[in-house]
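Chain naming follows the written order as A, B, C and D, and within any one chain the residues start at number 1.
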Amino acid sequence: MVIIMQAGAPEEEVEAVIKAVEKTGFRPWVNPGVERKVIALLGAMDAEKIELVDHFSALPGVERVTLISEPYKLPSRRTHPDPTVVEVGPVSIGGAELAVIAGPCSIESREQMIEAAQAVKESGANLLRGGAFKPRTSPYSFQGLGVAGLQILAEARELTGLPIITEVVHPGDLEIIAKYADIIQVGARNMQNFRLLQEVGQTGKPTMIKRHPGCRVQELLTASEYVMLEGNPNVILCERGITTFEHATRYTFDLSAIPVLKRFSHLPVIADPSHATGDWRYVTAVALAAVAGGADGIMVEVHPDPTVALSDGPQSLRPEKFADLMRSLRQVAAAVGREVRQPVAQ
Amino acid sequence: MVIIMQAGAPEEEVEAVIKAVEKTGFRPWVNPGVERKVIALLGAMDAEKIELVDHFSALPGVERVTLISEPYKLPSRRTHPDPTVVEVGPVSIGGAELAVIAGPCSIESREQMIEAAQAVKESGANLLRGGAFKPRTSPYSFQGLGVAGLQILAEARELTGLPIITEVVHPGDLEIIAKYADIIQVGARNMQNFRLLQEVGQTGKPTMIKRHPGCRVQELLTASEYVMLEGNPNVILCERGITTFEHATRYTFDLSAIPVLKRFSHLPVIADPSHATGDWRYVTAVALAAVAGGADGIMVEVHPDPTVALSDGPQSLRPEKFADLMRSLRQVAAAVGREVRQPVAQ
Amino acid sequence: MVIIMQAGAPEEEVEAVIKAVEKTGFRPWVNPGVERKVIALLGAMDAEKIELVDHFSALPGVERVTLISEPYKLPSRRTHPDPTVVEVGPVSIGGAELAVIAGPCSIESREQMIEAAQAVKESGANLLRGGAFKPRTSPYSFQGLGVAGLQILAEARELTGLPIITEVVHPGDLEIIAKYADIIQVGARNMQNFRLLQEVGQTGKPTMIKRHPGCRVQELLTASEYVMLEGNPNVILCERGITTFEHATRYTFDLSAIPVLKRFSHLPVIADPSHATGDWRYVTAVALAAVAGGADGIMVEVHPDPTVALSDGPQSLRPEKFADLMRSLRQVAAAVGREVRQPVAQ
Amino acid sequence: MVIIMQAGAPEEEVEAVIKAVEKTGFRPWVNPGVERKVIALLGAMDAEKIELVDHFSALPGVERVTLISEPYKLPSRRTHPDPTVVEVGPVSIGGAELAVIAGPCSIESREQMIEAAQAVKESGANLLRGGAFKPRTSPYSFQGLGVAGLQILAEARELTGLPIITEVVHPGDLEIIAKYADIIQVGARNMQNFRLLQEVGQTGKPTMIKRHPGCRVQELLTASEYVMLEGNPNVILCERGITTFEHATRYTFDLSAIPVLKRFSHLPVIADPSHATGDWRYVTAVALAAVAGGADGIMVEVHPDPTVALSDGPQSLRPEKFADLMRSLRQVAAAVGREVRQPVAQ
């Protein structure tokens, strides 16, 4: 941490800051500059000390405080240099084989879910998605089938052998969701629902946290710390687009978040081109790009008939388009030293 | 709702869309244009029909669908032309007297809270704030005193006579918070925690919803619909800055959100210059501007000694600065036909 | 300037950076920390040295470089603590009387311009605006009357006695514009057209620079340095909204930019609510707010009949609405210790 | 164009709008809805009619006007369905072989430029970049060698056989630049310097327009119309990152802009990962992603020794890193059916 004093801050103010630093157990190291003082804190600076930034910032004469260390610890590469591989049944997320999570946005019926599950499996997906509890912007939108949806999803797992991921939106649903899901998803809108993160962490289950479209990469990593601090190291991060001034797409897929996350964290990174673009026409391009840019997998919405979908129809791929995507993805994955599961002969 | 077909979409696709429209109970009205067709839906279009946008968007040959009606109903001026006034004990939020909500970010101790409460009352504040359950970006930050904090806050209410507002972050805390608070605050990070919104709505208590810094005004209004649909009309909206590329301030205070909200909604609007700017130096300017721009009140962080605050020190005003702010605010309020409570003679 | 080394950067890399610092004439001051080194540069750091940030950032082992000093000099309060007042004929921009710049977006005809000029004068405007050379997003839009427009504008000045401001978009037009205009406007889209800024600076005429909607406040200040370095201290800054994800208004008016600019710079600050909102319904609220927040004036588009305007009709006020705005503005200005010229009795 | 009236707009207002539509030569088509009227304009709607949006928006009773057609014509796929291939000497930009534009940000000396040119050629670049006139944010930054730089660049072309691209920042320099350059670059900051665009169009030379970081894709396409309207079809578009709230990278590379541009326009699209990220560590990931996502080429900054670069050192690749990038790019290009020139045996 480095404290930058205002130019010409009086000697008493500099002294007061130095005393405040000493009180916190750090050793102050002050430059002898005449115009303005810079005070570095010597000693091990942990994420636990993050509040000192605010504390010192509020002192008279302080221009600003620069945090040098990262504000998180467990997701950092510095504490864990090797990449984390999250094992989910037979699938290793973060390994050589890409995670390809596919399925409908919402579970709408047994028939729809099973049909989608079989289709994506045939094309080479290795994980199955489906929403049972849906966080919808409008209260008039379909809110999901709830527990009945979970049962259908579990049946789809039985039939295909693919592990399943589904979202939790309320702490009261967590117990039942944890019983069914192989991976618990914390959706973008709950990325900073910190109490939920802690409770999800306590389940010990593999957890995928989606980045809120209005939050920085650093905030995503700090959110993951809430889960990991509960003793749960099985965290997967997901980039799904950020809110910007451009509205040719629903959100702006932040491609460089992938190498940034890879540089600062050891956790696996998944890309969600469906939510990022909001338009099936752009899903394949963004999926291929994400993998070329280093993503450990993709999450794609696939629906047997998007025109009758109860949610996210415009961004859902038909099964045959998804099969095309997978063929192209196999090429791109190979080009960057990764693999995609082969299609299943019917 | 207006459906815009792609230029040159084949006749079958246009026909299919027309049929789809008819199936939903609307009457399609198609322009006879040769280049591209535009299909307007005739019939009463309610917020309940919002999902049709997605449905029609996913049909082949559709370029895009434009929603004409608002995606919310209860917070709209069209369903409720007169401004709502939320009564909180002796205070009328949305009336001629401005709501001035002041107090510390977190309740840290009995002494700190009482001192802050008395100071803001003396300057003319008419509502008291204080956080007992805190949603903190870092798990290493102070998370609040919990129920002990609520008790201190209630004691401050006793002493000053000012109604209190405090935040709920977890459904499990709602019952106890509703017992203590006069206004329940849904913080920015929970603005789209839809299940929490519903449960808060069920308490029937006056509720203030803060805009998420990554969400549009329209999303704030749709969030308020979740509360109102539970039969709770006592909703207050709060603008507290949005995330933009500018980082001279922590967030960018969206001043024009005030007249926009006032145009489309009947709900009272509060401005929070403390969180918007993140710097006490800018709080007064933004507070005065918000009131000149039509806000029904402000929410300001005040701490007896910001340099020892456990949260938000850099953006908290000392009591004497707050007194200055209130003196200026009285002038500006009068200039736009509003009032601010007079200071209490000591 | 402070250079932050990567944690665990090898000794040779630290040594190399220290040598690089010494070569630039600064004295390096290194913290004795074990985990990571921080190197402060001792010596007078001027805006002229800004390139050192890039230079040091590119050295091996450097995590990042923090610039402590401002990257501009002449517009800074540190080099010029007192506020600048720009004298334009009888008007003092930055003094107690607010600058109220009003008139049509484009000069369309003699009749339209004269009518607008007389109307805004009667309501108390003290400066006249009108575009003769227009930078239009579409090449099919009206591009302005050119020199003929300047002549009409000059005639409006004769008739009303109000000084005039008009925009330059091409260096080749600068000479003729400088002959007519009392203030030269550099529009938002040219804020970083640095060669144009220099040439405008050489005219010595009062110059108003509008902030580009995609640029930070700091970039606006650095742009103003280009003009001031040519020996022209008569620079006026203008906030006119930034591009954000919110599209309830055309741009987001950055209210806090006003106190931020006032803190870091001595230059006068004007607010343009017309371009910021793009909608006449919000112009008055934003204008009042800007003045309550500390602006030295406003620039407002007024057109005798917005429905026939060749540009910016939807954001232009009719003369009677502008008169209303001015009546409210007089109250708010008084509340913050400023004045607005009285209306002219007809 | 579709005009949406306010709910409950009185009959006279609807009539007035209908008359206004008829006056413009279009036939109004009005829905018979009771709640609110929607008026579609029948007749060929061209980009030339873009101003009608503003005209109708300003009429009383109008809620908003939706433009259905694109606000540009010549860059549109609708007027030119086949992809444009811009021929630059032996290089075809937009063809199967990717355009790989590489070289230093600024031409600093003969030695530096020649060394960079030879290195990038050896790795398989097929176009050479180098700035002679630089638009720098700070007036204290290196502004380029000017004409001397152009001469050095031309010499590098002689030696390598690679066509050259360089930027114009002032109309007065255009003649001399057009004499030297094979492609004229209009930089991001001049994307909306419309008069410059027209003058560049008049040269008839291949022109690359970089997207302003604060502008939408649609604005980039409208900017290209300024060049094409002068009879110059040889336009290349370049995505180089947009300004967002995320500051882990200098800008946010808008990956989906590539498929969006490809959908709406026939012009070739180049990606600039150097400016987008501002950090050499992320350049390769973004370059690979851009090509996987459909870009027709990349523009990358390469400097023999970034630590002594006079501009953009931190984002410049050393020649050996660039060689690595090219090896990976060859794989990814092949995976999506494109080619990259082979390295030159030394």
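One rule holds in what follows: a residue touches a chain if its C-beta (ideal position, glycine included) is under 8 Å from a C-beta of that chain, and two chains touch if they have at least 3 such contacts.
For clarity, every value in this text was computed on a predicted model and none was experimentally measured.
For subunit B, the chain with the farthest CA centroid is D. Residue contact pairs shared with A-C exceed half only for one pair among A-D, B-D or C-D, and that pair is B-D.
Note on chain placement: the centre of subunit A and the centre of subunit B lie 26 Å apart, centres being C-alpha means.
Mean C-alpha positions place subunit B and subunit C at a centre distance of 31 Å. Multi-chain contact residues, meaning those touching two or more other chains, occur in subunit D at positions 214, 242-245, 247. Within the complex, the subunit B residues that touch subunit A are 20, 46-51, 54-55, 57-60, 71-72, 135-142, 169-172, 189-190, 192-196, 198, 212-215, 219, 222, 225-226, 229, 242-243, 306-314, 316. The part of subunit B that touches subunit C in the complex is made up of residues 214, 216-218, 242, 244-249, 252-260, 263, 276-277, 281-282, 285-286, 288-294, 328, 331-332, 334-336. In the complex of the two chains, the subunit C residues touching subunit A come out as 2, 4, 7, 29, 31-33, 35-36, 38, 40, 42, 44-45, 63, 66, 68, 78, 243-245, 247.
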